[in-house]
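Have a look at these structures, which come just after this line.
You will see two complexes here that share chain A, one where it goes with chain B and one where it goes with chain C.
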Partner chain A sequence: MNKEIILSLTKRLVTSIVVLLLMLSFLFVLLRYSPGDPTQKFISPKLSSKLVLKIKESFGLDKPVLKQYQSFLINLSTGDLGISYTYREPVTSVIGRYLPFTVIFSSLSFIIQISLGLFLALYSIKRKGSWIDTFIKKFSLSVYALPSFVTGVLLVYLFSWKLNLFPSSGLKSFDDQSLSFFGQLGDYTSHMILPLITLSLGGIAVFYKYLRDNLDETFNAHFVMNLRSYGVTEKEIIKKHVIPNSIGPMISVAGVELGILLSGALITEVIFGLPGMGRLAINAILGRDYPLIIGITFVSGVLIILSNLLADLVRAKLDRRIFQGMIN
Partner chain B sequence: MNIYNFKRCYMKKNLFIIPVLLVLITIFPSCSKKSSPVSNQVIVGIDSDIESLNPLFSFSGYENNISELLYLKLVQSDWDYENGALIYKPMLAKSWKWNGDSSAITFYLRDDVTWSDGKKVTAEDVVFSFDVYSDEDIQSKLYDTFDNFLLDKSKHIILDKTFEIKDPYTLTIKFKKNSNPSFIDVDLPVIPKHIYDKLDRKKFITLEKDITPVTDGPFNFTKWDKNQAIILTANKNSFLYNPKHIQKIIFKIVPDYNSRLTQLKKGEIDLMEDVRTDDLPSLKSLNFIQISPLPEREYDYIGWNNIDPEVFKKKKKIVPNKLFGDPLVRKALTFAVNRQEIIDEYLGKYGQIAFGPVAPIFKKSFSNLTPLVFSLDSAKFYLKKAGWNDTDRDGILDKNGIKFSFSFYITAGNPRREFASTLLKNNFKSIGIDINIKKIDLQVLIPKLFAKEINAWMLGWVVGIPLDLYTFWHSSSEASQLNFASYKNNMVDKYLEKYENVKSEKLKSELAKKIQALIHKDQPVTFLYWIQNLIAYNKRIQNVKITPLEPIHYSWNWSVNK
Partner chain C sequence: MKITLRHFIILILAVIILLNIELLFNSIEMLLLFLVLLFSDFKQAVVQINISFVDYSISTLLIFMIPLLVLIFNKQLKILQDKLTFISAIITLLLTFTIFAPLTVSSNPNFQKDLRVTKLLTPFSTVQKLYLKKDKIKPASKLDSFIFKKNEVIKKSFSEDFIFVNSVKISGSNLIYTQKNKEIKIGKDKIEIKNGKPLIESKTFILGTDQYGRDILSRLIYGTRLSLFIGLGAVIVSFFIGIILGFIAGYTGGFFDSLLNRFTEMFLAFPILFLIIFIIAIFDSSIFSIILVLGVSGWMSLFKIVRAEVIKLKTKDFFITAKLIGLSNYKLLTKEVLPNIISPVVVNLVFLYGNVILAEAALSFLGLGAGNNYPSWGEMIQAGQSYITIAWWMIVFPGLMLFITLLTANELGRKIEHRFNSGIAI
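Coming up: the complex of A and B.
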């Protein structure tokens, strides 16, 4: 069995590497042929066209695309993603500065989305048909329909401007170093509340919807009635049978959602001035910073693949049939 | 049914929420403090992070502002309101003396300036700075701009023939023969030789992380939280230090405009630039906010390609544009643009009709010409005079079988230009011209303009200080890449060449006026309006100097009301 698992994981790893390589190659070519010029921002109006060529040369953009691609592949194989045109630093160190925040922020939001989605679904299903169930259903739909830039601005207006409860942007206060450990923790928390709500609301609604429908269906399944007739306690039925049978599809969604979250939450990061991968990505795109765009895509791709793998492993853990499917 | 049991067994689970809530409730009050500005610091809200603290590569406006606060220049620019011109004041150099024919200048440096690591700033640092800024391997922001110096083939300043260090605080700079040097030639932040000299010049551009900001300016570098804030603290060893002035200036990065505005209203930031006119009523209702317009040096214009883009692309030949090659047509098009309506809609009293490339701030060079007033009848008249008629009665003018129809490029995401282009489309339609508006990214538009491959576009310029007309209006493509419209008038070229070489300010002003008159006659582009950018700041900041230069300029003189 262990051999089968290793073989299955190796297959998956190879497929993932091929997918990543294809994606990066496609992006590499697309960037080279898309309009826009990364050297433009470094060129002052008075500079001669010779210098423009010199700047292109320093970026390696004077060579044919095929040659550029060859050196890109060679560098990639050694883990070198190049030097960012904008930051004049290795791409890996630029990403390394922004990734930790995104990982923490996205993970927190993900935990909130899953736990609140689950809580609301259970709360709603046990009051099935009541006004509160109907209210949560309708409200979650409205929340899902609300774009995050509207939610963010509304939250800032209400909680920051009108009630003055939370800071409107940033990760921490400028004087945070003068605070105690708990003070700093509180400072971070107060800065993160509104962004977390903004980022999580849509996801909570999605998870709620998936779970509530699945719970409803499983609750009325024949095998559940069967279990009851055998005298299995309700607690055990829910814990061991209803939830595991209901959260399968949700875990797949969660895998995709986690991957997307880890790639950065652009709108939330812009509204609240947070230093995450989303902002880094958009700045890299606007500045035509080719190595950085490719680096970010690479990291995002890896994170999406990993989160999907994680989701599959969780599902396999919950359901042996899926595990068999994975191996086969 | 089972729901009852369900409820019971999950009631316990719900209990976990209570301690979480308790923790949050205890944390929140401690952090939800009211914004109370710290008395001796000022927070400036900016929309994007800087990319470098290194003055060699400070390309953006903010990077320049910050590097000016960290690194001293030999002389400091200021604005002379009376004459509408740039003047220079002592800074690292306490005085100077030009030689008889203004071909050399001797600077007498202050002997009380030290780098933040304690080393003295001397003439060696100044010479080293010129050496580095003009080094081809480094590609600094100023490379290839030292035209008045003696240069080698790689455009590097020939140091031994240019600089003469008499003592650590006396330095003579000799300029090239027959050149026209001015203080602009020495207007660069001086960098510490003992730090930069250790580094490999060929790798300068990638050494951002390895270069410690050893500075000598009115502020010291304290902290740079990427994409969050840049914190500078007053340099107590600086001769510019005054304990009554601000002790800290923080540049807080708030990318979203509305968030910046909210923070200004809340007192979380003290100053922001580029305030939109539709936000003025809400800001004016707050008695602690001061709104100040910066004198106008930015304009929007409609560019008409004076040459045929297709012929230029295929054969690299210059032939007049089939639509816009005739000055009469361009004049007609200017008549058809209702500039006042755009101003009324978007700029109000902070806009004025533009008719030439010289900004009103250059009082002595600004010409008092009368702009062409919106008139569709005049537009029709000039178009007819130029031979454009609707011969096939399809509502679109034609001439020699060519329809007056073209694509018009604007940059996406600028509501003012989008409004202006819609207005333009409607006005042009009524005189028989069909335009197809295309919105594209600025990064895509600029290379198209350099390649001269499009017919018409709308863009804006910020007029540089000192006034530079040559780069934008001379017909030589090598010298003036920014003449996107490919405008050519031999007389204008002649005046521009003269303008570059004369020393007398009076003569320069006269030439500028002549150039404006010729450009006004030819209408190579349609100048739309001058824009006064608005800054809003908390009234607790004192001594904010509003000049055409950036408001941050001279911010070490700011103080705050307690």
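Coming up: the complex of A and C.
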């Protein structure tokens, strides 16, 4: 059995690497043949042509594209993603500065989405048909249709401007150095509340919808009726039978969602001025910082593939049939 | 008697016709003059054709034709006899805004004048429109009369015919008007006089104005057009890519199949919003490039559906027979595959439509929209962000519009899904 698991994981790893390579090559070619010149912003008309050539050389843009691609692949295999044009330091260290925030922020949001979605779905399925169930159902549909930038801006208007409860942007206050540890923690928390709400609302609605539909289906299944007739308590049925049987599709969705979250919550970061991967990516794109763009895409791609893999593993762990399917 | 969709459509169009009766007469006259010009001076007539002229002509023709068509095809189109629901009402309204945008707006979406008066007006605020005297020129040729008529009909983004003022007082031979605390004297001879009185109209901005004094309602209506148009275009692009690639992958199998699968996985592993922004920022940000990019970034789920269905269909007898008869691949796709997979595809496309509209608004919100010529909801929300403390209406109305559109798209998708799944044919 172990052999088969390793084999299927290896197969998966190989396809993932192929997909990543394909993606980076695609991006590389697209970048090299796109209009615009990244060296342009470092060159003033007063510079001599020798210096201009030197700048191009320092960016490695003077060689033919095939040669550039070759050295890019060689560097990539040693884990070197190049040096960012704008930041003038290795891409890995630039990303290293921005990634922790994004990982923490999106993980928090992800946990909130999953747990609230699960809680609400269970809460409303237990009261199926009552007004509160209908209300949550309708409300989740409207929340799902609400774009995050509208929510974010309106939340800022309401809570930062009208009620003056939470700060409207940034990660910490100016005077946070003078605060105690717990004061700093509180400061971070108050800064994170609005962005977390903005980022999580849509996801909660998605998880709620998937879960409630599936829970409903499972509750009507024959085996649940059978269990009830045996006198198994409702609590145990829900915990041991209904949830594991209806959580499958949601986990796949969760894998995709986690991947999207980890590649940066662009809109939320823009509204609240947070230092995350999304804004880094945008700035890299607008500044034509080729190595940084490729580096960010690489990291995001890896994270997306990993989170999908994680979702599949969790599903396989929950359901032996899927596990068998994965091996074959 | 139940109210059907047909009644609603006719009611809305009737309201538009009644509100614009003068404009419509002028518009028809413009069209007639254009026809005259077309036969007398073909070259000049062709030069005069531009987007807004075509837009106004089509709106004018359609507004009379659609009620007729609805009455004629009443029996054939069952959907017209359905009971009016919230969703169908909203869809009808959005489509009306899209098709008849020139007739439903009160001014050009980019119209701005007298900023001091019109800047950041609250909803339902009223200003006075003071008409200035115009020199009347007699049209010298057919071309001139057509151009004059055209200028009369088409709402332009600027006008020298009037000024916006807060209030007007008459004192002797002069007129004193105020423009936000500033009193200005003007001779009566410079004012358009009608029936012995200066010609003053009041204008109400129903949803207020933005920071450049532009009417938000007009911008919203033109924004509908942009959103729906981009959504439709992108969905069509996605449809073709998804269907064709899915068919190839499912039908041929083997090497092509796995290659296309890896290709799809690559697109799925891309942080897709970055890819869109990347292409738009680096290449071009016109309407068509946005349509293309959004279309290219949304075909993956369709590909998966089509591929799975084709693999299932491939072993069915009717498909094998059709193949043996010698149908071409194109015929196989359109005659055998498409009718069988239409229901999941349509559901997918409707949900995709909502996503594309959302993505377009998000792009405009980030400042990567289709440019300033076309008002877009996302761009309006972004502009409103800077004025959030003084002008809530700049964000709330476009946000509401976007919300309603997305809600309708999702609901429509759910409804269609439900209908297909319950096995009842439309």
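Rule of thumb we're sticking to: the second predicted complex is superposed on the first by the 318 of 328 C-alpha atoms of A that agree within 3 Å, B and C clash if a C-alpha of one lies under 4 Å from a C-alpha of the other, contacts with A are read in each partner's own complex, and residues count from 1 in each chain.
Here, a contact is a pair of C-beta atoms (placed from the backbone, for glycine too) under 8 Å apart; a residue touches a chain by one contact, two chains touch by 3 or more.
Not measured: the values here are computed from a predicted model.
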After lining both complexes up on chain A, report clash or fit for chain B versus chain C. clash
With both complexes superposed on chain A, which partner does A:Leu227 reach: first (chain B), second (chain C), both or neither? neither
Applying the touch criterion given at the start, work out whether A:Val206 contacts chain B, chain C, both or neither, answering first, second, both or neither. neither
So, A:Met250: does it touch chain B (first), chain C (second), both, or neither? neither
Which holds for A:Pro147: it touches chain B only (first), chain C only (second), both, or neither? second
Based on the superposed arrangement, let me know which partner A:Trp161 touches: chain B (first), chain C (second), both, or neither? both
Contact-wise, after the overlay, does A:Gly36 reach chain B, chain C, both or neither (first, second, both, neither)? both
Tell me which partner A:Leu286 touches in the superposition: chain B (first), chain C (second), both or neither. both
Contacts of A:Val270 with chain B and chain C, given as first, second, both or neither: both
Quick one: chain B or chain C, who's touching more of chain A? B
A:Lys128 in the overlay: touching chain B, chain C, both, or neither? Say first, second, both or neither. first
What part of chain A is shared between its chain B contacts and its chain C contacts? 35-36, 153, 156-157, 161, 270-271, 286, 288
Partner chain C, residues of chain A touching it in the complex: 15, 18-20, 22-23, 26, 30-31, 34-36, 141-142, 144-147, 149-150, 153-154, 156-157, 161, 259-260, 263-264, 266-267, 270-271, 281-282, 285-286, 288, 293, 296-297, 300-301, 304-305
Under the stated contact criterion, what part of chain C meets chain A in this complex? 262-263, 265-266, 268-271, 273-274, 277-279, 281-283, 354, 358, 361-362, 365-366, 378, 381, 384-385, 388-389, 392, 395-396, 399, 402-403, 406-407, 410-411
Would you pull the chain B residues touching chain A in the complex into a rising list? 2-3, 5-10, 14, 17, 24, 27-28, 30-32, 34-35, 38, 43, 48, 51-52, 57, 59, 136, 139, 141, 143-145, 205-209, 225-229, 231, 250, 252-256, 258-259, 262-263, 265-266, 268, 440-441, 443-444, 446-448, 468, 471-472, 478, 481-482
So in the complex, the part of chain A that touches chain B is made up of which residues? 35-37, 40-42, 44-49, 51, 54-55, 58, 83, 86-90, 93, 97-98, 119, 122, 125-126, 128, 153, 156-157, 160-161, 164-172, 174-175, 182-183, 185-187, 189-191, 193, 219, 228, 233-235, 237-238, 270-275, 279-280, 283, 286-288
